[in-house]
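Read from first to last, the chains carry the letters A, B, C, D, E and F; within each, the first residue is number 1.
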Amino acid sequence: MSTVKLWTDKAAAAVPTVKAVFDDIRATRKSDFVNNFWRALANQPDLLERTWASIKRVMIEPGTLDPLTKELVYIAVSTANSCSYCVHSHTAAARAKGLSEGQYAEFLAVVSMAAQTNSLANSMQVPVDPEFMIA
Amino acid sequence: MSTVKLWTDKAAAAVPTVKAVFDDIRATRKSDFVNNFWRALANQPDLLERTWASIKRVMIEPGTLDPLTKELVYIAVSTANSCSYCVHSHTAAARAKGLSEGQYAEFLAVVSMAAQTNSLANSMQVPVDPEFMIA
Amino acid sequence: MSTVKLWTDKAAAAVPTVKAVFDDIRATRKSDFVNNFWRALANQPDLLERTWASIKRVMIEPGTLDPLTKELVYIAVSTANSCSYCVHSHTAAARAKGLSEGQYAEFLAVVSMAAQTNSLANSMQVPVDPEFMIA
Amino acid sequence: MSTVKLWTDKAAAAVPTVKAVFDDIRATRKSDFVNNFWRALANQPDLLERTWASIKRVMIEPGTLDPLTKELVYIAVSTANSCSYCVHSHTAAARAKGLSEGQYAEFLAVVSMAAQTNSLANSMQVPVDPEFMIA
Amino acid sequence: MSTVKLWTDKAAAAVPTVKAVFDDIRATRKSDFVNNFWRALANQPDLLERTWASIKRVMIEPGTLDPLTKELVYIAVSTANSCSYCVHSHTAAARAKGLSEGQYAEFLAVVSMAAQTNSLANSMQVPVDPEFMIA
Amino acid sequence: MSTVKLWTDKAAAAVPTVKAVFDDIRATRKSDFVNNFWRALANQPDLLERTWASIKRVMIEPGTLDPLTKELVYIAVSTANSCSYCVHSHTAAARAKGLSEGQYAEFLAVVSMAAQTNSLANSMQVPVDPEFMIA
């Protein structure tokens, strides 16, 4: 079901860049599990390295948004882009970060309400109110 | 720039359903401003009434997600769906609810990182790890 | 606001393929109005000719779906794809083919309900029931 | 393949809101079949109840658009949003409402023609003709 | 997993239009393999015939863009539209036309970079610079 | 028309990170023109710096795909994502890199053909041929 080969740990061990990223994923997440996204991206070691560095910076390093909020935003984008893999992996991540059933229910209500009103605004081509424009 | 007429307050005053919704928007938001989305939807009074009732329930009534998180999820979906109107109106709403520049910068980083990895997962058609499936 | 030049009638008159398509648009629609889509596509005469031939065959020649239903399907796709130009032009076309305000209100309700449930099915990654599969 | 648990009838029987919706789905459709969308949404009883109420109102109650036209619009949106579940379920629904092979062929021609011209209008960024604007 | 029946060679043999297209696909590609897209589209012989004629003209006939560039553009669109089938089939086609691993890595970097900056430009609603407008 | 302020050169001069990026954009492109995308992103200096670094690496440093091919892939993604800003800026960039009218016509034909067949494959939910799967 993939257009690329998924790298095993054995294959990864033979390419230093890939091995280093897989090791860092395990150390950062304190888990032995390396999910398929990284095993697919390993075919392009340079892109693997840069993408993991970005994910660490954006999703893992502490900032002003809490980690659960970031995961919800990630799932929202992935849903709208119809990325099955990303919806699955980030919903699992949100749960690991404490998403309750009540929060998930509200999240689904917001995401689907946004999709609904996006559709209405786009069908009626509603002009933006000047009050909403900054520049 | 619109495919429908935008209702003035005078037009709204003549149709009880529309008037009631416009009045409730003003009372709920404690502001005289009724934005173009509702003025466009007023052409379909029944849909106007149901959409406003949903927005109140999903976005305004207190729940387990804080109001700012809901707005960020809303902007994320609207960005992915390329709904110019919705991005404008909900970014303004997020700011009114206290979005700081630092939070907005992080939000943009998350949204665009999600779009980037969605694109990678969709191009490589990465198979979902069994660990992420519930049913 | 365009990435290509829009052809005037004078420019069209100098290129036989473009002139022939513009003439046929006018004859087919019994109107002197040639909208910007065709004036933009005129930069690529071959694509102009093939696209107009397809539009005539799919949207204008009589078939088993009535013309108004076809326009509604067209607007639905254009809304989901966020094509501002297409939403405007096909909403105008639907009105010219007799779309009533009541039908338009119902159409907006269906389009936005579909967007909402698409979003729910995509976020929950609902597995397709075997009953719905043909092959 | 799902990010949520699918509710069996036994699980549904234990939660009054869920049981009531499942019962109403069966009574309304005059069929014992409750498809996975509702079994997934049952995890959020409140959203289940509101979504089913909207579907009944928009898709099942008689209006000015015929039921088959509504299903075609629904499939068109679901195709553009790449919602596999929704395309499957509403294509089955359209067939149950009498969609002929000839109508389906024409529908596919319209949907794909719309996608094609959306793409052309979006690449050339064709400016909307003033003739198409209402407000 | 399909909403339509997939035509076997035996079924195709009984319908002249379908048989002629399948024969031409085989002759053009110098291969006995007819992929599922055409076996699905065979349910609508007229659409099958027109779609194959377009594919031949756009993707197979020599032009000013080289065949590999066309395949990369095709995969890029299919990724953004989340068309799993099309990503698979055109990635295979690109490889058959000589796509190297290094080129594929760069392609993935470009596609995902574009998705990322699309998302940034759409969230910030950046106004188009007059320098970029033709008309 | 924007949800953020666009930075003037004067404002940029006061923030070292922003000034450094603007200077590098000018030096790299050998042009005084800094387009609005960067003036908008300047509100988030850290994201500005990382995004410009990625663009340089992916789009400007020499690789195995030629610069014009990369721009065409970029426009293709931007068209499918309906990013008006990105379509405008990268179509201008493609022209600056030598895109001929004939190549542009072929590009438009490929992009719109892809959108059309994406739509067909997604509506019929065509199952992926095993021949196209790698893993």
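Operating definition for what follows: a contact is a pair of C-beta atoms (placed from the backbone, for glycine too) under 8 Å apart; a residue touches a chain by one contact, two chains touch by 3 or more.
The chain lineup, named per UniProt: A, B, C, D, E, F = AhpD family alkylhydroperoxidase.
No experiment lies behind these values; they were computed from the predicted model shown.
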{"item": "Set of chains adjacent to chain B and to chain C", "value": "A, D, E, F"}
{"item": "Chain-contact steps, minimal, separating chain F from chain B", "value": "1"}
{"item": "Interface sides of chain B and chain D: same vs different residues, half threshold", "value": "same"}
{"item": "Remotest chain, chain C as reference, centres from CA atoms", "value": "A"}
{"item": "Pair joined by the larger number of C-beta contacts - D-F, D-E", "value": "D-F"}
{"item": "Relative to chain D, chain with the most remote C-alpha centre", "value": "F"}
{"item": "Where chain B and chain E are represented by their mean Cα positions, the distance between them in whole Å", "value": "34"}
{"item": "Centre distance in Å when chain A and chain F are each reduced to the mean of their C-alpha atoms", "value": "21"}
{"item": "Residue numbers of chain B (touch at least two other chains)", "value": "1-4, 6, 40, 47, 54, 77, 79-84, 87-88, 91-92, 108-109, 111, 113-120, 122-125, 127-128, 132-133, 135"}
{"item": "Arrangement of touching chains [line / ring / star / complete / other]", "value": "complete"}
{"item": "Complex interface listing, chain B residues touching chain E", "value": "75, 79-80, 82, 84, 87-88, 91, 108, 111-120, 122-125"}
{"item": "Chain F - residues contacting chain C, complex", "value": "82, 87-88, 91-92, 101, 104-105, 108-109, 112, 119, 127"}
{"item": "Residue ranges of chain D touching chain B (in the complex, touch as defined)", "value": "1-6, 40, 50, 54, 57, 128, 132-135"}
{"item": "Touch list for chain E against partner chain D, complex", "value": "3, 43-44, 46-47, 77, 81-83, 135"}
{"item": "Contact footprint of chain F on chain E as seen in their complex", "value": "1-4, 6, 33, 35-37, 40-41, 47, 51, 54-55, 58-59, 63-65, 69-70, 72-74, 76-86, 88-92, 100, 102-103, 106-107, 109-111, 113-129, 131-133"}
